[in-house]
Amino acid sequence: MSRHHTTTDQTEPLLRVTDLRTQFRTDDGVVRAVDGVSFGLNAGETVCLVGESGSGKTVTAESITRLVDCPPGEISGRIEFRGEDLTAASEDRLRSLRGAEIAHVFQNPQDALNPVHTVGWQVAEVVQIHESVSRRAARKRAVDLLDRVDIPDPAATADAYPHELSGGMKQRVLVAVALAGEPDLLIADEPTTALDVTIQAQILDLIADLQAEFDMAVLFVTHDLGVVARVADRVVVLYAGKVMERAPVDRLFDAPAHPYSRALLACLPGRGESNGAIPGNLPDATDPPPGCRFASRCPFAVEDCHEGDHPPLAPVAEDTDVEAGATVGDPPAGSAPLAASSAERSASPDAGPDREHVAACLFHGEDYDAAHLDREVAWSAAEGDHGE
Amino acid sequence: MGMKWYVVRRVAWAVVATYLAVSLTFGLLMVTPNAGADVAAAQAAASGQDYDAVRERYLERRGLDRPVEEQYVDYMTNILTLDWGYSFSQGEPVLAAIGEAWVYSAQYFVPSILISALLGYGIGLYSALNRYTPTDYLGSFVAYFGISIPNFWFAIVLILLFGVVFRLLPTFYDSGVALLSVQNAKQLLLPVVVLSTASVAGQMRYSRAQAIEYARSAFVKTARAKGASEWRVLTRHILRVALVPLSTILIADVLAVLFAGSFIIETIFQIPGLGRLALEAIQQRDTPLVLATTLIPVFIAILGNLLQDLAYVALDPRIDYGDR
Amino acid sequence: MAGDEPAPDGGTARGAGTGFEGIDWTAVDDAGSAGPSAAVTAEVLVLLGLAAALVYDYVVLANEAPTVGVVGWDVTGVEWLLVVVLVVGAFHAALPLARNRRLTAYYWRQFRKNRAAVVSLGFLGVVFLVGLVGPLIWTAPNEAIDYAAAYQPPVFAGGSWEHALGTDAQGRPIWHLIVYGMRVSLEVGLISMVFAISIGTVVGTAAAYFGGYVDEALMRYVDLQQTFPVFILLLLLIYLYGASLLLIIALYGLFSWEGTARLVRSEALQRGEEAYVRAAEATGAGRWWTIRRHLIPNVSSTVITAATLSIPVFILGEASLSFLGFGDPDVFSWGRTISAGRSDLPNAPWISTIPGLFLFLTVLAFNFVGDALRDAIDPR
Amino acid sequence: MSDPLLSVRDLEKHYPLTEGILNRQVGSVRAVDGVSFDLAAGETLGLVGESGCGKSTAATAALRLEEPTGGTVLFDGDDVTAFDDSELKRFRREAQLIFQDPTSSFDPRMSVGESVTEALRVHGISDRARRRAVGEDLLERVGLAAEDYDRYPHEFSGGQRQRIAVARALVVNPRLVVADEPVSALDVSVKSAVLDLLADLQAEFGIAMVFISHDLSVVREVADRVAVMYLGEIVEMAPTERLFEAPEHPYTEALLSAIPQPDPDAPARTIQLSGSVPSASDPPSGCRFHTRCPKAIQPATVDLTQETWRRVLDARERIAGDDVDVAAVRELRAPAGDDGTALGTAETAAALREEFDLPDPVDDPAVETAVTEALSALADGDREGALAALSETVTTPCEVHEPTRQSVAGSPGHDVACHLRHPPSGVRVPDDERRVGDADGPSEP
């Protein structure tokens, strides 16, 4: 088993999550917050986990280093970080990874800093945990890091308590905390949601700059497709604990294959005429209905969608779907330069299978020839609805 | 600016509270018939003297027939100058009686406070971090047991078990034993256990609830994400933050439970401490001693509250001084 | 519903009768406001009736005559208070619970999750009923000594079924002592609680409502009261005035509300900032309206929990006082029975241990129920 | 145009700042400081700005849910600030509020039906059956079922609760609704449905609406006109499409540029604002945005790139705010293992220059002289001296003159308060900021 930076296999992704399941036992039954999620992340790349509240995106992100409260949260599946399965790793091993190689930035900077310690102490703490350095040296490092995240007067700010800083400054401090261990993977969970739009832009830029500087991979959790468009190389769309679609970012925006992704995009102001909303509610997480999780809210659902298991992820054929997607969204004319622009974005030279575009929808399944006609009918019927 | 004002205000408040407490006891004395005079008069009447005359003479000799304001000034001066009067039931000045008694009280009181705080916080925090484990359930059980069991009954049952049935420990306190001896430790064991059970349970329940609240908080998650060990998370993050609310109840709560408990403990185990002194004073209607034994816990409580307020300054950088 | 649905845009047409836009506000503004509700009227009437009965008991009836002749019940001062407390409880706890069945059912589902608390609630129900009705069934213990009946062990220790829990040194059946002890605990717990909670709620709400100097003065007083350990104050006052159950209950009620007051104040301040209070104000509701309809109902979950958890404290306190010999000499409190049995501990341990067990279980049950209530009704 | 339904003039809401045991007033937080706007019947005005800019306070003060400390509010021609209790109560029926948080805006112990019809009860409809009929009808109209009347808030999702909130606002048939971030807490998939509902009902009943949001893309969907607030003032107001297509104020430009575009191929064109929002208790002089403005005007004597000019201004701002710890800067810039106490004036000044991100030298000789002098003074611990050195040259006209909101030429209904658009006499506006309309001659206040 590879222990450290020694092996960086080009074909092997930095992080590979396979069939991740996280469930919580509650009084009302077992809540399957994450129910078979798979995706990969290459070094230096940004992958976004997108979904509404309750989709399981945060639990997925926190399951990676087992930050979900372990009992009663149960994690199964495989989480390979540089080939090492973290689900089987000991708590000690995980601890040595957390902060040093896999760092986190959380949503609400208001609560994520300990109110009774100075921010300098909290940045220095990471250094002290992972390296045997003097308190003085750790502080010096902390001040450097605060300077790195563009905090004015870092040495003085290091002695400030969190409540003395603004929200944007606190989030900068948290980014400094995450950087302190020079991680290879940064998991950013809605880092800008609680911030004002002007501050949000600053933090996104900051993370992007630092990502390039440190050559970090970033797993970015967000509900905001605007943010996704801005930061992502690839996107994983989650719904009710399942992956609905996985695609390079421009493929997702230009040719969303899953009806859920399409619906989500249609909700965006300024995309097309339709001011879309998704009717209905999330399925019950303790007892999901059979078939596709989205079937009850899907405008294209056919009978088969309500039966059996959730459809497996199937590759999306490029030709037909781009056209179908093009009529819903409002993509630039012609979708030819897709490949070029995605290659420009991704830092990894050959991402191999991770460049794939897959969707968990019956319509994309290989053996769904019989109903192909129905789907076309449904598709066009939906177009008609939108035109209204 | 803010902090200095805050400290000044708190100290001033402690002084005012002390003044009000002492005045209150004076007020109570004024509105009730003088018990000592009644006793003296009744004794005199029994030996053939005139009841009213003796009573009046008693009051006159103690200056109790003077105007209220005069007596008040006198009373306050005496309290201030530590001239707390003479206890006829003990046959010595009140302060001397207290001076002898407090040693015995402190012997079990101090260990009880320490045990309450250490054990209570320790178990509480531990079970907060290990929720839904057998240890947590055991901890909760102990907590419910501790706050629910009447300490006088608990003491009796323990004496019955360890003193009478198994004959392992003495059934009552012997003041003749040397302070630092195994014998003394043995005879203090049951009183300390009984007295601290309730407050350990209370501290434990509260600290567990607090710690659970903080254990779910985002900053603890941040600490875990840094790779901090459970111990570090517990001591540097949860405990450090939880100390703020915990410190506010430690003193008030522990003192309240222990004061009440000390009367019972000293009665059951026959410890000649302050609690017993107070009870005897009440039974013998020895007013100066009753007042003194009332005021001492009050002073301790006021001091405790002051310390607790000041602890805030040291513990919580967020404190809004203007608001308190 | 689907059958008589008018045309899709028929909202306004149908609304003429029931819709909000059909309300003639000028007509509404001219109408006067409604009087007090039926529940309030009923409660006032019952309490007035009680007051009349009290006057009748003290003014008309002879001193020794039983108040309720049929069952031979001479209602004492404390018992009058108990009746008032029960009436108030019926109107302010039982009635709202019965009215808002949907919410009650929701709370019950939450509460039911804690099995120990459900068992405790059952036990407390039995204690409540026996404490209330028992004294009418079993004769009161007295000071007479019956040597023949003395020191009978309970049935599980070789005694007879006649006195299943045994008898004490004076031949009194332990069960009778326990029944009368239940009554005492009931009175101490419930009456003191109602006093303390009422005062605490009023003071807390007043402090939050008026703010400024009223708040400052009230809270300073609360501080002061908190520094005075209530047990010691009680000893001092019992020393000065002599012990009686009424005094003990009154003192607990009058001097242990500071925690509730603080809690209510901070809750009321907090809830006052909540959006639903602002929403009510934005619709034109006055300050008093929001206090009565929003603040007090929402603070009540905190108050109910505090109330439940304060009962065992009062019961234990009274038992401790009685144990030390400062209890009411006329009533048979559990603490007094336990104290009396101390000297017989080696040869007749049941005299102290059985009442102690009841005391312990009662207090334990209240703690269980209180904690489960907090989990069930506190949104946090 | 007919008279507006709501007319707000110079609205002010100042909160006193007190100190010490005697609660002496030492200043005030100027949360809303002179806000004026009109709202016609049936119209929607979007009020946007960052958190803390006073947009919510402006709305609550206009409705007199908080007493305004200055200005007038005319509702249908009547002065709201002069209403007595009964007039105010009647006004509450005409003007309703919708809150942001669908969770906390409902009393958890009241059924949603009771919450919706509470206003009817408050306003004197004591007939329970009638209230119920109205409530059930309304719940159906907002897309719920009549049976939901008896359910409790915790039984609904966020989107449903926000529909109920709409019903609650409508129950008294108001003519004005203030919606305070009504969809900010909702998922994107239900956001637009709630917005649609609001728009439909508004159109049906001709309700005027003030729509408060920090989310410009949402405002664009619903508003007819948009007012942009910064630090208690409206800096720009325009018909929605005008504002989004041709913003005039640099702050509006920055806000617009910060909206993440839901298009991965769109170029990132964020305008970075320096520093953070100043305290409303001590707002900057002149134009309140000058401390962060990327287009702060240079005095006629200075000729720098706009970026360098901004940095020099930032440096002065930080020195003025005593926001720089010289010892700490020394320590930070000193070589490893040295706490920097040995650094001389020149080295410290260099370190400070690095801290302030200033080029060495600054292009403009006059500014360079001032900067060098200031940094040396600061290095020697003479903050006053440093400030004095800078005050002569490093001063933007924006902080001297207070801008007023004036109409933008050639764009009806469009006002802006910016010196770039309406320069005071003697202020030179850079060429690339000159607009076509400016040729007509700036209008002097």
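Worth pointing out:
The letters A, B, C and D name the chains in turn, as written, and every chain counts its residues from 1.
Methods note: a contact is a pair of C-beta atoms (placed from the backbone, for glycine too) under 8 Å apart; a residue touches a chain by one contact, two chains touch by 3 or more.
The structure displayed is predicted, hence computed values, not measured ones.
Think of each touching pair as a link: the shortest run of links from chain A to chain C has 2 of them.
By number of C-beta pairs in contact, A-D leads over the other of A-D and A-B. Rounded to whole angstrom, the centroid-to-centroid distance between chain A and chain B, based on C-alpha atoms, equals 56 Å. Averaging Cα coordinates per chain places chain A and chain D 31 Å apart. A separation of 51 Å divides the Cα centre of chain C from that of chain D. In chain A, no residue touches at least two other chains. Looking at chain D, no residue sits in touch with two or more other chains.
Interface residues of chain D facing chain C in the complex, by the touch rule stated above, are 63, 65, 88-90, 92-93, 96-97, 99-101, 104-111, 115, 118-120, 122-126, 133-134, 136-138, 141, 146, 150-152, 168, 170-173, 204-205.
Every residue of chain B that touches chain C in the complex is listed here, in rising order: 13, 17, 20-21, 24-25, 28, 32, 35, 144-145, 147-153, 156-157, 159-160, 164, 252, 255-256, 259-260, 263-264, 267, 278-279, 282, 285, 290, 294, 297-298, 301-302, 305. Within the complex formed with chain A, the chain B residues making contact are 131-133, 216-219, 221-229, 232, 236-237, 240-241, 244, 315-318. Note for the complex: chain A touches chain D at residues 52-53, 140, 143-144, 147, 152-156, 158, 166, 168-169, 196-202, 204-205, 223-230, 232, 249-250, 253, 263-265, 267-271, 275-279, 281, 332, 341, 345.
The part of chain A that touches chain B in the complex is made up of residues 62, 65, 67, 69, 71-72, 95-100, 103-104, 106-108, 111-117, 122, 125-126, 129-130, 161, 163, 174, 177, 180-181.
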